[in-house]
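Pasting the structures here.
Here chain A shows up in two complexes: once beside chain B, once beside chain C.
Now for the complex of A and B:
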């Protein structure tokens, strides 16, 4: 099945001095998916991405991109990956056009038509020098560079941070959808969970250098729920310690449980204690993340 | 100066003009103060659109290779008197790749220095 993985990380560890950036990161990204790598700042998203492009090396664990080991085939990998880094660093004295020409020169698959369409969609002036571009414009240039070679895998680190809201919606809805329609794989990192909620089909939720939850968006939203219980007296221990319970928060006399997996059994347990009220609620990705990072019981 | 324009090449015509002027400066066949043909003149003799020539000249001016003097025409600039330094296009490619990977100019300089001095590069950038 490994050949179907666009990205596969197994028990990847990475420290910078004393700081542990990744501590046993394991996840896989299926080809053709739009996978969102989510988590708060400092969760290890950017480090994970930099390892994929061999811009840094893991201390241990294995990581492959498009079926190739990142430590051995970084040049081949980069040729087939479009990457928008979090920090854009184009040479300040080059014009937009010069940057595009240089890239076109080194890419065998450059789609000039797509490049021009994006240039005009973004309204990016080709004669403008990089040092005269706003942060948003630099982000747009980075996007054009990543998309125009029609890469097999597109890796976007906080892609929409510099875009205005209209552009952002356009980007999330149309551009990424088109990319996925062509069978290209997209991995995008974001700390803005609600933004990717409608775009991504797969989620890797990270915290403290680990994946704390992975799966299809649909599956996660179907299995992760909230249960509000108003018990008689306190919350029974067999409910509080039930394996399906991720986190518990008290709300006055009631308790708000975030649950995952076998909720049938949990609900049966709850009902055995004749609670005043029980209510099962859907969760947003944001809620799921908060609950998971509070409990962090892996 | 003679321009050889070949419309059947994949390289856009304005870039062909730019490369030929740049090449002339590089080889020393074009020197500072040399006058380039007028836009219309070159357009007619090379059978290309005047806008294409104008675009090439504009770009050459942006790159600091030519100067336009009002009423007098387009000349090879003084700034281009020194022969261009070697490996410029290779460096441009390196800068471009670094830029794509989010590696800024300062970090790139540091990496080049370390590579040249043969110092170990910690765990950063371990190409092959």
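Now for the complex of A and C:
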């Protein structure tokens, strides 16, 4: 384990009764990065986040946050982590001001100036009760609560779910504006791939409780491609079963292959069978996400 | 200390309506008991009661002091306060777990032990003060309505009654921690209390009955606190609280 890792998970397993939520999750988040934790529903993203905050305990494997073991140093970790949960639950009868006072009281560090600036930037009325806040406002309140203690690591679980596109963009812009200059690490769990693509510099894609793809956004987009092949006859087995092929979909007489890694050998194999046409296409993060989630093949 | 103050403030602010309603209900009972004595006595005395009840009625209704003690500590105060203790305890953990506030608080640098301690202390203090305040209202009403002095002796039972209330609150807290649903926690606590009370009707087991313990007969008769009963209640409360604390520490959110 190196000092540069903000989060390091090694072979983490977690079951809830018969349900395996995590089965050998291994990934690493570098300090200062904005890392997106992606995956379909039930992939284990929220469970992984809960383990990081010791809201649940892993069955086996090791998990460290900011260089500290999550089970042994939970309190120290929570002092340095800001968390925006998916379910932003605050006492409904409390006003915004009272919620802020409560969280200021239980946090050991609190930047009141930052809190007031964010309140003013978001135009959040301090006297309004939590139950009267819109979903967007509740998200903004959660963000103020997470950012005001000036955490080293910010964990955001589905931060823009339920927000309209304008609010989504504004919300992400606010997060970026706050963390950009301070070198804070951000772990962002989201379904909204277009926002993630704009925001994150690193991606961890999860499925069935483990990480099936990790790397920098740039590297992933350079190595994950689509190849459209129009072969003479069917798709040769050595092409279909090539290690670089993640998934295959037929499109009339042509085939659309999602490929990853070194594609040179694959393309050589394809050309050996004199296809009618071969086309290499770039993939968006959404394409990669869908292909990997469906294919789930390394 | 800063954390404890912030968490305690949250608890008292959240439960202020519950506290006012509880105080209102208990105050109404406390005021009515002395005022209704003459009327209730006349009704009972004029009743054509079976012979085996007649003596009990004469004993209880013939002496205002026994009427006050028996009805306050043995019935009205105790039954109502036990129900209030269950209502206060049912949501202490289960409600905050249901609505996600518990996970939100525990993702901050707060230990589970500290969180439960503040919640439990806030509830126990509120319930004990409700019991004490309503008893003081009973004394004041009695003094004002009857004009024969303040019946201070009534207060002798309060320490024991308050400890029973806190013990039942601890029991409900335990169920609120173990069960995901607050209604289930209430029913589990109610069921356990009813069973223990029913067992208390068997003479050798009467010392385990919450209603018997709350009526503190030894304190009435001797004028001294029943230290064995008080110590037993402290041990039971500590055991229930400690189990709830252990369960909360193991809870996965």
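Heads up, the rule we're going with is that the second predicted complex is superposed on the first by the 282 of 298 C-alpha atoms of A that agree within 3 Å, B and C clash if a C-alpha of one lies under 4 Å from a C-alpha of the other, contacts with A are read in each partner's own complex, and residues count from 1 in each chain.
Methods note: a residue touches a chain if its C-beta (ideal position, glycine included) is under 8 Å from a C-beta of that chain, and two chains touch if they have at least 3 such contacts.
Keep in mind it's a predicted model, so treat the numbers as computed, not measured.
Participant: Fit or clash for chain B plus chain C once both are placed on chain A?
Facilitator: clash
Participant: I'd like to know which partner A:127 touches here: chain B for first, chain C for second, both or neither.
Facilitator: Touch status of A:127: first partner only.
Participant: Quick check on the superposed pair: does A:290 touch chain B, chain C, both, or neither? Answer first, second, both or neither.
Facilitator: After superposition on chain A, A:290 lies in contact with neither partner.
Participant: Quick check for you: in the superposed arrangement, does A:108 touch first (chain B), second (chain C), both or neither?
Facilitator: In the superposed model, A:108 contacts chain C only, not chain B.
Participant: Which partner does A:56 reach: the first (chain B), the second (chain C), both, or neither?
Facilitator: Both: A:56 reaches chain B and chain C.
Participant: Identify the partner contact of A:71: answer first if only chain B is touched, second if only chain C is, both if each is, neither if none is.
Facilitator: first
Participant: Return first, second, both or neither, reflecting whether A:79 touches chain B, chain C, both chains, or no partner chain.
Facilitator: Only chain C is touched by A:79; chain B is not.
Participant: Pick from 45-53, 63-71 or 117-125: which stretch of chain B gets in the way of chain C?
Facilitator: 117-125
Participant: Once the two structures are fitted together, what part of chain A is touched by chain B and by chain C alike?
Facilitator: Comparing the two interfaces on chain A, one with chain B and one with chain C, the shared residues are 53, 55-57, 75, 78, 83, 85, 87-92, 94, 101-103, 105-106.
Participant: What residues on chain C touch chain A, complex-wise?
Facilitator: 2-3, 5-7, 9-10, 13-14, 99-101, 103-111, 252-253
Participant: Taking the complex as given, what residues does chain B use to touch chain A?
Facilitator: 15, 62, 92-93, 95-105, 107, 123-128
Participant: Enumerate the contact residues on chain A facing chain C in the complex.
Facilitator: Of all residues in chain A, those touching chain C are 16, 50, 53, 55-57, 75, 78-79, 81, 83, 85, 87-94, 98, 101-108.
Participant: Would you pull the chain A residues touching chain B in the complex into a rising list?
Facilitator: Residues in contact with chain B: 53-57, 59, 71-72, 74-75, 78, 83, 85-92, 94-95, 99, 101-103, 105-106, 127, 142, 145-146, 157.
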